[in-house]
Every structure is written in structure tokens, then in C-alpha cells.
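Paired with chain B in one complex and with chain C in the other, chain A is shared by the two complexes that follow.
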Partner chain A sequence: MVELAVPRSRNLAARLARKMRPFWFLCSPMGVICALFVTPLIILVVMSFQHYSIYNTQSGFTLDNFRVLFTDPIYRGVAKDTIMMATTAMVIQLVIALPLSYFIAFRAGRWELPLLLLLVLVDELNPIVRIYAWRMLLGREGIINDFLGWIGLIDHPLDWLLFTKFSVILVLSTSWVNYTALPIYASMKAISPHLFEAAADLGAGVFTRWRRIVIPLAAPGIFIAIILVYIPLFTDFATPGLVGGTSSYMLGNSVADLMLTTGDWGGGAALSLVLLGAMAIISVVAYFLSRLNQLD
Partner chain B sequence: MSAGARTGEIIVDQVTKEFGDLRAVDHATLEIPGGEFFSMLGPSGCGKTTTLRMIAGFEEPTAGRIILEGRDVSYVRPGKRNVNMVFQAYGLFPHMTVNQNVAFGLKIKHVPRSEIGERVAEALRTVRMDELADRRPSQMSGGQQQRVALARALVNRPAALLLDEPLGALDLKLRKEMQLELKRIHATTGTTFVYVTHDQEEALTMSQRIAVMKEGVVQQVATPRELYERPANAFVAGFIGTSNVITLKPDAERDGMGIMNLSDGDRICAPAGLGGGREVKIIVRPERMRVWGDPDGERVSRVHGTIAEVIYLGSMTQLIIDLKTGERVTVHELNDDLKGALPEIGDPVLVQWAADSGFVIDDVGAVNVARDAATPE
Partner chain C sequence: MTGHGEASAQAASLTGVGAIPVARRPVSDRLRRALPKYAGPIFAVAFILLLYGPLVLLAVFSFNDSIVFSLPWSGFTTKWYTEAFADTNLRSALRNSIVVASIVAPVSVILGTLSAYAITRLRFRLRGPSAMLLAAPLVVPWLVIGISALIFFSKIHMALSWNTVVLMHIVVTFPLVTVLVSARLLRFDRTQEEAAIDLGASQLQVIRYVLLPHLVPALAASAILAFSWSFNNFEITFFVGGFDQLFPVWVYSTLRHATNLPIVNAISTLVSAAEVLLVYAAYLMITWRSGARSAREKADTFIGAIR
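Moving on, here comes the complex of A and B:
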């Protein structure tokens, strides 16, 4: 006689255990996120509503930290500078990354993989060391000034190469070009090369090709690049600290100063949260713009 | 305009294309009059697509010239020649609607808005896609995308339309439908069509003339009928339609016919004024060989054989027969002519064919012209 097969789900306990399986799988990554991300965030939020004095003591709940941020003209000035420098650097990076990605995606042939590798390796160098190298290039007795004086183009070394807004924007622009280029490269790879031939056949020149085909189809990659890069640009404090001097002070520096120098943890926390909020808004907007292509 | 230039006339003048060591096209010369449906046919790697791309402007000839409507366009950019191409992979812009895709070329030429609307609608009507004007390519089937690609090319009213194996990705039934569609659109628009394919049946269906190519060299340019009935060499004979190759070693010659006698009264005759009992090969078309019936003609070859395969195809039957000479031949017989049951595998059978339905192939594979001088019936 053939034995009747019993479905495994009969057993209630077994059923329950099976339903809980996804939960157990998620436990470890969720635990990691909780420990490393959510908890410090909660602490930050709590801190931002506290008043910290220079002696690192706390006292009662206050909204002062946030109020100061929005009313003190110093913060407004720093914020304006930061927005200007970060946005300029972002635009410059896009201008560099778009042709670079296009070249690697479509014109590099057998150099495609080595070039990609190079692009990734660029970031292996310690950023502090890299930024310091810029100081050697741009300083009054730096390599550029030496060269320009040697070929007789200038009499006195150029002052504005280092410790100015120019130097901050310059260094910011070169810092994350590879992170800008990679998502753009990825979205360009998804473009079928046949499209370029079809466009050429219909009379499209270089400009039309970029305007009507490359940019619209690479748009998702461009927005991802913005999400990835704009935020570190905004919150960077090493670059303005090392090559910015006193004239280019960014919000990242403010946070660092508040936390480390002044000891105003409440203010630092509040500023961090405000920056976080602004970045979140920008990211969400950029994300939805990147999906415009795929509407309907 | 120079003398002799008509709308849509294309001349490929002694064009050679080399990629490094590889010679993809070897001194190809083609003259395509305006309005003709012209195909280039051949196996992969024969140079037909490369030639088409040179006409389109995506490749430059290493030697020779491409002349469009009297103008030498060998080095002119693709967008600046008055031709448009339909690609095998369609190449439709995925982020644009059908309307926008078709209007692309017109927008670039700064055609006024109102005119664009009219011409796009007209082009879509021609390919019968006017209902789907607002769809995106991803929302359409292969056949529909194909028509849109066609409309996108035709809307520019080019002097010539170039098609690179456009039906390759479609299923059989759709392909046959589209072949007739293309024929109809060609007749309606009167544009020169230059079509590339490796499918000889497709070329025969649609074209007014066909250039058969092999390894970069043009073998023969002729109408479908000429290619089938008077192939220039063994390759063309074998590529177009089915052909049976029979070896003949004449014992005797009489009235320009070589005769090889076999046992039991069997014999093979062929028009062969070659002289000196040399061995020759002849090619006979499967419908000229008869199994159930007698062929017309005075001199008749007859060979006994055994049936190896019977393939019933509705209107006709293909019989694959092993002749007693050792050769295997394919015979096509119409089922209307059959009286009685279909033969079976293993049945002995007599194969006959009229002596001058075979063409003789000499050593280099060229068809022997002596056939035409053979004694008429």
C-alpha cells in the first residue's frame, strides 16, 4: 500500500518556524544597522536639544542650538560659501566625468577595463596625503609657481593658488571624479551603440548626439552620481582645512570646530542634523528626477 | 547634376575594403538604377553588409568610389548622403515615442513643425503603424518596432533605402508577411531599396535583381530567374535553390552531347563539347529530375536508384534518392502528378531527366557556356 504523504505544513510549530525564517535572516544586518547607525543618530538627536557649556556639562532641554543656526549671520555666510563651492565643484566634476565616461564606455576598446581599474585605484591613496600634495603644487614656493617663474611668465609668485576659495574648489573638483564617473559610465554602458549609428544616419552631429541621446539616457547615472558625490562635497572639512586657509570655511569645518574645539556638542549635533536633513531632501529629489526616464 | 544621374541611382565602382589583412570586399562593382529593389545575397562574411555600410557611409572604401545620384560620396558622412538605413537591431530610441522617433531626422533638418506632423503621420500610415504613435519601443513587438524603424527612415524621403537583414529577428510567418509588406511599400514609394540577406528565398521573393557574393567577390548580378536557370558558376548554382551534382565521364560524343553508358541501359547525357572524355560535373535542378513520369526532350538521362527519404510537403514531395552511381540526389515531384501511393524508403526507382536541363561545371566551377550551344529539342 502506498503510504499517504503528509504535508510538512501540517505541523503548526513547523509552520511558525518557517514563517519566522526571513526574520532571522534579516536579524544580523538589521542588528548591524541598529548598532552602527540608528543608535548614534538617536544620541545625536538627543544631544542637539541639550545645552553644552565649554566645560562639557549638560543642562536642560533647549531649542537654542537650532535657533542659533538659522539666525546667526555667521552661519548664513558659511552656508552660502559652502553651497557655492560645493555646487561649483559638482558641476566641474560632471563636466569632466561625462566625456570621460563616454570615452571609456564607447571608445576605449581594449583599454576599457584597465582605464576603469585606474579610475578605481585613484582613490586608494590616502585623501590627506593627496590633499597635502596639492599644497606642494599650489603654494608660493610650490611647483606651479616655480615653473611659471622659470619660464618667465610671472615676476612674483601667484598668491591666489593656495588658501583661497579657488584652491578649495580645485581640490574638491578632483577628489571625487572617479565616484562621479563610475555611475555615469554604468548608465552609458546600457546605451546600445546602434543608437549612435542610427542617429548619425538621420543626420545627427556631435552636439545633437549628446543632447538628444547620451544625456537623456545617461540621466539616471548622472543623478546617482550627484547623490553619491554632492553630500561628501558639502560636508568635507579636510579639504577646506588643509588648502582653504581662513577665507574658505565650510559647514563641515563648523561642525568639526563646534564638536572638537568649542566643545559645543549641542550646536555641533544640531548642525549635523540640519545638514543631514538637507542632504536627505536633495537625495530624494535627485532620485525621483533620475526615474523620470522610466515614467509610463 | 552630371549626365545620366537619375533619382536614386547608386553606383558602386570597383570598391575594395580591407580591415588590416582581411579583404572584406574585393573590387565590387554594382550599378543600381533608381527605384529598383536590389538585393545583395551571400553567406556570412561574404562582404554584403560591409558593402551596404559603405553605401550608407559607416565605412570608407579602401579603394574605389561610391556614387550616389551622380555625386561621389565615398567619404561623405552618413547623415549628409541622401540615403537612410534600417538596421538589423532596429536602433529605435528607447526614451522617445514612436512619433518622436520618426520625427527625429526631420527635426535635425529643421523642417517646420506643421510639416513634421504631416510627414510623420504619412510615414506611419505607409507602414500601418498610425495607431501606435504614442507608444514607446519597449511596449511594442519586434514586428512593430521593425515598421517604426522603416517609417523613421522613409519619412526623410531618401533617394535610397538601405536594409541590413531587417527581418532576421522575426518568426517565420511574420517574416513572410513583412517581405510582402516591404515589396508593397517599395512599389508605393518608388524609392530605391538595397537589401542585404543571407536567405536566398527571401532575396528571390522581393528583389528585381540580386548580386550574389562570396568572400568579398561579386559572383553574379542578375534577376532571380536568371540566377536560378543560368547560374554563372557552381557556387551560385548551389546557393540559389537546391542542386544535384552528377559526375559524368563521357564514353562517347554525339551531336555535342557527352554520353556515359551504365549497366542495364542506363546512361547519363549532358551537353559537353569539351572533347577528350574528360570527367565533368553537371548540376541538375530537383524539379527537372522525374521519378513518377517522363521528362520532355529527345536525349534523356536515366539512372536507377533507391529511395532514401520521402518528405511529403503538401503540394509536392521531396524524394532523396541514392543513385547506383553512388551519388545522392534530391528530386521534387508535384503530388498532383502522383497516381497511387507514395513511394517508401528502400523502393527501387528510375530517375530520368532531359539531357539539357543540366548545366556543366568545369574545373574552376564556372558553368560551361557550351550548354547554350547544345542541340535544341
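Moving on, here comes the complex of A and C:
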């Protein structure tokens, strides 16, 4: 960062004023962040070590909330389902986004920009409406079942389309895939197409080109995509709430239920802290994986 | 090498292995040549259909004269739209959402611009940590922010209403504006500012007469996008809204109880159409006087600005 060529002021007051300038600019944004973001998070941490529910407000340090989370088989089951569904959705998105980004970056020609704009636009559409649109399609009397029955492919409606793990994974994938594709596209766009020509001249096939050029050079974008998408997948509760059944309950639903239905705020706080911790681990692992890949 | 292998394998499976061998070869040859050419476009079209198809069908079926969304078309009607606007819960949810977003957008633009300027143009010891703290609400999931806010407001005995929603939306929205405006400031040619200073302008005059005119399109676009982020936010709104329902929460709870579904179709269509128009307005704002001449530069600027 180059400093502005301000003539050095010998006046003490002016120098003080300049020293205080960052403070004047930042006091209100930082005040908002500290009051409404940092303080609530600190209270959340304190809360997770207390027995606190709407019926019982005794305070005092306890690890019970965490002990319940790690020993209760119900949470273990929900955690397993959540990890399974979030990971499957993430893998599906990467499988779609990698070739798609490659196509947009190198092959789409004049369709490159319209495709990108469509990817960006979908981000501004209401996520709940997008989930709802899928629910309308997938239902027992939904359009997909109607259509399949009408062309004679099925005799009776498919029941597994909605309120199952399938619908949750499908809707999670389509809700987030634009966030997966954009950073990967950005990192692929930086790859020089000459590299592909050189590799092809040296006899590398498609598979080798992807393994030795595309994936390593797109690794930073894949890292950003995982941070942007995999982490929110763990805390999504609107998708399982609207298109998931009892078998596709996720940890985000557990947090929402603990807070709003059971009123066990200590438990809800502890669970969301555990989720935050898991996310920190995921980001660190993803970061190091992207670094490792670059060294290859 | 591998590519051709894959293509011919796909071609073989498409034509059906074990079919009449004489007839198969030319078809598979043609397919082998055609597949790499058309696989990409077909894939891209399928992808776009996956993203937009459900919404398009939603819009189409919002005009269907039937209470269930089944295929036999029951006739064109606009009655769901009139019913949607007659629904008092929906009207108040929409009004709440619009009021909240209209407050959140300008406040976020002011806070975001202040912090973007401080981070990109001023030098001070805590610049790095400040930038990290300002970006932190973008990294922590909305679920966690939402429940920590719920606990916080109850601890300070502040009743949940659309007021608390406004406060929390500002916290998560203005860092996004910071990112947008910082990107714009970083691209701005510093020599113009230096020239102004050489001509005797104070730092505040530089901001007023050099930076702000240049930032106007980015600020207007940020305001529009901040409006849409606030309007679309579900997770935080869900936890801190109290008894005041906002639009996404109204849709969610209406669907949970599965009543009045056709009016959800109608209003969702209207809201999506309005959002498309808003994004188009943001696109025009960002590309206006951005120096981008061709459509390609315009789109590049736009995507660069809002990513």
C-alpha cells in the first residue's frame, strides 16, 4: 500500500487529527460489530457452559451441555446424517461445478457472460422461494410424478422424491451450486490456455490435463468454494425443514428446535459452538489441502 | 487419448453395444466426433434448467386455475394474485420486509463505505485486525449469528420485533458492502487522488470531489444489493423476528402448515420478478460510467464488483 503524498505536517494538532482519522471512520462500523456481533457471540459461549432454559435459569459453570451432545445417541445419529448429506451435496456440487466452470471459462465463447450473469442472478433470488419451487415439483402430486405417470413410465407416484434424504441433498446441491461454481470459474479463468496446448502437444490426454493442470491450478478456487458452501451446508435448517422428512433432520434443525421449541438455550448454544468448531477445522483442512495441491 | 476412449464408450452405450455391428460403426463415429462438441453446451443448458426450471414452472403454475399443482392444465387465472394481495398476514409480512430492507440498505451503505475507505486508504496499526473483524460476520454462519442474537436480546431485555431484525441485518449486510466498495476503491487510479492533493486539496476534499463521484455507481448498486440481501435473509430473521413476520418467514411457516399454497406461488413469482429487475438495476448502476465499453467489459465489471 502506497502512502498518499501528504506534505508532512509540523503542526501537532493536525498530526493528531490525522492519527485520529481511522478512528472517526471506523468507530461506527466497529461499534456495530462489537455490540451486535462480538458481544452476542461471547454471551453464546458463556451460555453454552450454563444450565439455561426458559424454565431453569440457574447459572454456574457446567459441561453438561457438551456431555449430552457427545453422548446422546440421538445427536450422534443426526450428526452422522448431517455429515453424510452435507458431504454428498458438496461432492455433487464439485462434480457439477468443475466441468461447468471449465466449460464457461474456456469453451463457452460468446455464451460465457450470459452464463455467468445467470449464475450471479440466481444468488439474488429468494432462497426460500427456490426451495419451495422444488417442493412443488417433487411432491406426490407434483409435476414430476404427474409427468412420469402421464408418459407411462410409472404406475403410481414415486414416494421417495420428497421428504427424504434424496430431496434434501438435491435441493441443498441446487441451492448452493452457484457459489461453488463462481470461485472455481475465477481460478480457472487465470489458467493460460497455452498450458493445455503445450500439454496436448506433449501427449497428455484429457485425464492427465485435468489432473496435472486444471485441478492443481484451480485448487485455491476449490478451497474458497468449500469454505463458502460446505460450512453453510452444515447449518442449513430451512432446506431440511421444508423438503426433508423425519429421516433427514439436520443439526441446524436441532439447534433451531433446542432454541425455539425445547427452550434449552444452553444446549442450543453448545451445539452451535460445536458446529463453529467443526467449521474452523474444515477451513483449516481445506486451506492446507489447497496449499498441498499447489506444491504438486 | 482417454477422452476419446470415454467418448467412444459413451457413444457405444448410447447406440447399444451388441446391436447390428455393421450399422453401429458410422453412428458411433459420428457420435464420437459430435459428443465433445455438444457435451459442454448440453451440460450447461441442463445446469441452467436445474437452477431456473423450478422457478419458471412456479411462475407458470401460479396462473393455473387449480388448488394443487398437477399437470392437467385447469385454465388460466389471475385469482391467486388477487387473493395473495387480500391476505392480511402476507401484506403485513411484505410490508415489514420492505420497511426493514429500506432501512438496512442505506445504513449498510454508509457503514460499509466508511469501513471500506478506512481499510483501503488509511494506514494505521490495527488495519489488518480491523479488516478481519469487519469480515467476520461473513464467515460465521447465519444460524449461529441468529441464535446468539436471540440470546443477546433476551439478556438485555429487548423485545424481539422488526426493530431487532433491522439491527441484525445491518450487522451481516454492511460487511458485504465493505467488500464491494473496497474492490472499487482498490481499482481506482490513485494518481487522481495524488493530483488533487498536489493541487492543495485536503483529504476530506479528495473524498468529496474525487472519490465520491467515482463511487456513486458502486454505492447505488451496493444499496440495491443490500436491499435484496436483507429482503432474502431467512435464518437471522427467523430467530430475531419475534411476532413480526417477514416475507421469507411467512413463506416458511405457510409451507410448514401447508395452507394457502397457490397464493405462495403467486407472490413468489412477483417477488422473483421484482428481484430480477432489481439486479438488472444494479447491473446498470455498476456498469454506468465504469469505463467499460463492450458488453464483455460491462459484465466483467459487474461480476467483479459483486463477487
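Following the convention adopted for this analysis, the second predicted complex is superposed on the first by the 252 of 296 C-alpha atoms of A that agree within 3 Å, B and C clash if a C-alpha of one lies under 4 Å from a C-alpha of the other, contacts with A are read in each partner's own complex, and residues count from 1 in each chain.
We take it that a contact is a pair of C-beta atoms (placed from the backbone, for glycine too) under 8 Å apart; a residue touches a chain by one contact, two chains touch by 3 or more.
Keep in mind that what you see is a predicted model, and the values were worked out from it rather than measured.
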Chain A as common anchor, with chain B and chain C clashing or fitting: fit
Which superposed partner A:V95 touches (first chain B, second chain C, both, neither): neither
Touching partner for A:V284 - first (chain B), second (chain C), both, neither: neither
First, second, both or neither for A:L117, with chain B first and chain C second: second
Touched partner set for A:L202, first chain B, second chain C, both or neither: first
Three-chain overlay, vertex chain A: chain B-chain C angle, C-alpha, nearest 10 degrees: 80
First (chain B), second (chain C), both or neither touched by A:I104: second
Dominant toucher of chain A (residue count), chain B or chain C: C
Contacts of A:L276 with chain B and chain C, given as first, second, both or neither: second
First, second, both or neither for A:I213, with chain B first and chain C second: first
Where chain B and chain C come nearest after superposition, their Cα distance in Å: 9
Footprint overlap on chain A, where chain B in one structure and chain C in the other make contact: 203, 205, 208
Chain B-facing residues of chain A, complex: 192, 194-195, 197-205, 208, 212-213, 216-217, 293, 296
Chain B residues within the chain A interface of the complex: 56-58, 77-80, 84-85, 87, 89-95, 104-105, 108-109, 136, 152-153, 156
Chain C residues touching chain A - in the complex, by the definition given at the top: 1-3, 6, 40-41, 43-44, 47-48, 50-52, 54-55, 57-58, 61, 68-72, 111-112, 114-115, 117-118, 121-124, 126-127, 130, 133-134, 136-137, 139-145, 147-152, 155, 167-168, 170-171, 174, 178, 190, 193-194, 197-198, 203, 225, 228, 231-232, 234-235, 238-239, 247-248, 251-252, 255-256, 264-265, 268, 271-272, 275-276, 278-279, 283, 295-296, 299-300, 302-303, 306-307
In the complex, chain A residues that touch chain C: 1-6, 18-19, 21-22, 25-26, 28-30, 32-33, 36-41, 43-44, 47, 96, 99-100, 103-104, 107-108, 111, 113, 115-122, 124-130, 132-137, 139, 141-143, 146-147, 150, 174, 177-178, 182, 186, 203, 205-208, 227, 231-232, 234-238, 241-242, 252, 255-256, 259-260, 265, 268-269, 272, 275-276, 279
